[in-house]
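By letter and in written order, the chains are A, B and C; residue numbering begins at 1 in each of them.
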Amino acid sequence: MLMLPAAMIDGIMYAAWLFLVAVGLTLIYGVMKILNLAHGAFYTLGAYVAATFVGFWLAGDYNPYYSYLLLLLAGVIGGLILGVVVERGILRRFYKEDQVVLLLVTYAIFLILEDVVKMIWGVEPYIISQPYGLLGSFNIGLLYYPNYNFVILGAAILSGVGLALFLKFTRPGKLLRVVIHDREISMALGINVQRYFLVTFVAGSILAALGGALTAPTISVAPEIGVEVIVLAFAVIVIGGLGSLPGAALGALIVGLVRSFAVHYFPEVELFSIYAVMAVVLIVRPMGLFAAAEPRKI
Amino acid sequence: MSESIVLISARNLRKQFGAVFAARDITVDIHAHSVSGLIGTNGAGKTTFVNMLTGYLKPDQGQIFFDGQEITGRPPREITRMGIARSFQIPQLFDSLTAVENVETALGIVGKPLDQAQEILARFELTQFAGSLAGILPEGVRKLLDIALAMVADPRVLLLDEPTSGVDSSEKFEIMDRIMKIVREAEVTAMFVEHDMEVVRRYSDRVLAFYDGAILAAGSPEEVMQDEKVLEYIIGRPLRAPLAQEGAHA
Amino acid sequence: MKVSSMLRQQHALIALLATLVLIALGIGLSSWQFVVVVALAKGLAALGLVLLLRCGLVSFGQGLYYCAGAYAVGMAMSYLGIRDLVPLLLLATVSAALIAALLGVLLSRYRDIFFAILTLAFTMILYGLLIRNPVLGGSDGFNVLSPGFFLLADGALSRRTMFIITAVVVGVSIWAVQRYLATPMGRLGPAMKDNEIRVEYLGASARRNIFWNYTLAGALAGLGGGLTSFSIGHIDPDLAFWTTSGEFLFIAILGGTRNAYAPFLGAIALELIRSLAFQYVPNAWQIVIGVSMLVIIIFLPGGLISIARLWLRSSARGG
């Protein structure tokens, strides 16, 4: 009978991770209407930068509790630099193309970045598990959960709430919401949409890199981690509604719980179930459960 | 006119968009071989009527019959295949194809041999544009091409949505002459939505005046254009006296 | 009609010539046979994609049918004991086509980004099904034995014969698709991409047209998957992972969407690029591919086939 609460807690923890990883993707789509396949590469890069920073730190025998700060720093710095370089250097040349061409452009960027990672860090996996185990764990009966999961949960909640507050109450946030809702009207209102593109893309990159950085201690950091994450993130934001922040949270929760229940009760359908839910939502309600922008009727 | 058979019959059409009544109980008959002009202010319901006839919109209530068969709510491609074709206010062409390829596409869909394309272009006097991409053609030519595409299927009814809008006023009559010549030769029943009263007066033998979702008046151009209500709501009355005589201050 | 029968003969002639040239090259450069066979198989999947791209649809799911075709062959060999190449390839093509028809009913209602994402979802669904399925080999997949071919005994199919068979299959496919593209239905693609509403108003059903294109695309990918399974001798769920579909997409863009030859040009070019990249910059071959993709998008949106056609035209004119 321990299965049910275990499945639920697992599901929520996984959902938190999913949200963290996916929220940047939905933000970028909402503002720029670009489905950024390179998101997976930003995630990977964040993980590698984190592994490098923490690796040096721990090798130098410094206070291991500061490694958490380093994880955050890795995500922010990695995402910032990469975001600026990619947006200014490559992406902006293609803004006039249509959505599907841009999808292919981000795919090309993804391929390029994957190799960049391999060139810098090689193909052998990096393991920095100390921050993961350092915080100990807690028990619920016979179930054992590393406390590190709360770091991820906390990061997810913070970023979600932070973004929500930013969009709702700050001036740039409100302008971003206008851009998300209707790009043409926002241009007609005089909003410098292109400048917001840079900011948004960088923010999305930072969030992706942060996701990777915070995940790094829990996995073996290898070049392939990006390809699987990207489709999971896709599933999350599609279910919730492309461009919707609450949608990303709902999508993450749904995917997290579905996967968790699959893993606990029917492990054979773990991956299948996630994409099946995604397909069902796309079929029944293509705009997602929280449609962010209304489709314009001619 | 020996034929006075009713080709299209609309009965009690209603259509509402939120608080806007685009069609309030419209009932009208269109006779074979007639040329009807649809006039009215913007938003009066002319285009909604055309859209319902061609299957783009489904009326909330009411029925439409074409040659005895009910066509209410059928999709555009079925209605086209039954014999009602339309042109568009903003010409709907295949911009990345040449003019002749546009016509060939239409011919292919209808099942006619592709070599008829040049002949069709010639009929509309568009031969010189055959090899040009549709996207870069001048507006008047695009309008004619749009109508040419509609005519490929040898329709019995042709609905023209503002055929002269966006066209230089000096060319309006030339274009309408060309269109109407082809329409008459093909013995097509025509309806056109138009804002220019001169065009309406010259080319239609029947006028339907729309206002606020209803048909205000229907009849010959002379009757309708002198109708009190039509003058009041749609056309407007001529000014009584030039301003200068009233001693206006500077 | 004189003109159309002339064109038909022309199609057949050109396809035949191309096949013969390919076979001659293959026999001459025997070390390239394996690479080219795999490239041609992928080219078939990309050919299906070209049909969809012409309609304005991007699919991230051709891998689904490629994988289905491959697994159909593998399963038929293991469980039904079928060893002859022809029925196996037929089975691969037909089973892929059936799945495509089923999904096509649904997918033909979607466009743009939703179509792309849905196709991605379905291919990942197959991946998910296969990877956790121990009966079909799970994530390791399973090995495919060498088939027989008419009088040749099982397993006696030499690499060279396999190459020739593949070249012939591809030649026939190119011919068939070229003819299809000359029919009114085949010509409708670019028109639908431009203005789907007008197509409907001219009396055609865009949905039906997309359905048939999608089914044909699936069939071609299934055929390619079947051919691949023989050539490589091993199949695994990675065929259904989205990156495989991504590779087909890249091939289609590299080659162009102008005609049925283009994707094969793209496929062979990709193998060339990949081999060269491996040789000179082994750690950066994905960078080379990614950059090539960007270059093509900016400078040569018509793909390599547009260069080929210019070259052919100028040499025909009298170079």
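The rule we apply is simple: contacts are C-beta pairs under 8 Å (C-beta built on N, C-alpha and C of every residue); 3 or more make two chains touch, one makes a residue touch a chain.
The structure displayed is predicted, hence computed values, not measured ones.
Peer 1: Enumerate, in label order, the chains that touch chain A and chain C alike.
Peer 2: Chains touching both chain A and chain C: none.
Peer 1: Using the touch rule from the top, point out the two chains with the most contacting C-beta pairs.
Peer 2: Here the largest contact count links A-C.
Peer 1: Any idea how many Å lie between the Cα centroids of chain A and chain C?
Peer 2: Centre separation, chain A to chain C: 33 Å.
Peer 1: If you average the CA atoms of chain A and of chain B, how many Å lie between those two points?
Peer 2: Those two chain centres are 53 Å apart.
Peer 1: Centroid from C-alpha atoms only, then distance chain B to chain C, rounded to Å. What do you get?
Peer 2: Averaging C-alpha atoms per chain gives centres 46 Å apart.
Peer 1: Touching two or more other chains, which residues of chain B qualify?
Peer 2: Chain B, residues with two or more chain partners: not present.
Peer 1: Considering the complex alone, what residue numbers of chain B touch chain C?
Peer 2: 54, 75-77, 80-81, 85-86, 92-97, 104-106, 108-111, 113, 115, 149-150, 152-153
Peer 1: With touch defined as at the start, can you tell me which chain C residues reach chain B in the complex?
Peer 2: Of all residues in chain C, those touching chain B are 1, 3, 183-185, 187-188, 190-191, 193-195, 197-205.
Peer 1: Can you tell me which positions in chain C touch chain A when the two form their complex?
Peer 2: 58, 106, 110, 112-114, 116-118, 120-122, 124-125, 127-129, 131-133, 241-243, 246, 249, 253, 283-287, 289-291, 293-294, 297-298
Peer 1: Under the stated contact criterion, what part of chain A meets chain C in this complex?
Peer 2: On the chain A side, the touching residues are 35, 90, 93-94, 97, 99-101, 103-105, 107-112, 114-116, 118-119, 227, 231, 234-235, 238, 242, 267-276, 278-279, 282-283, 286.
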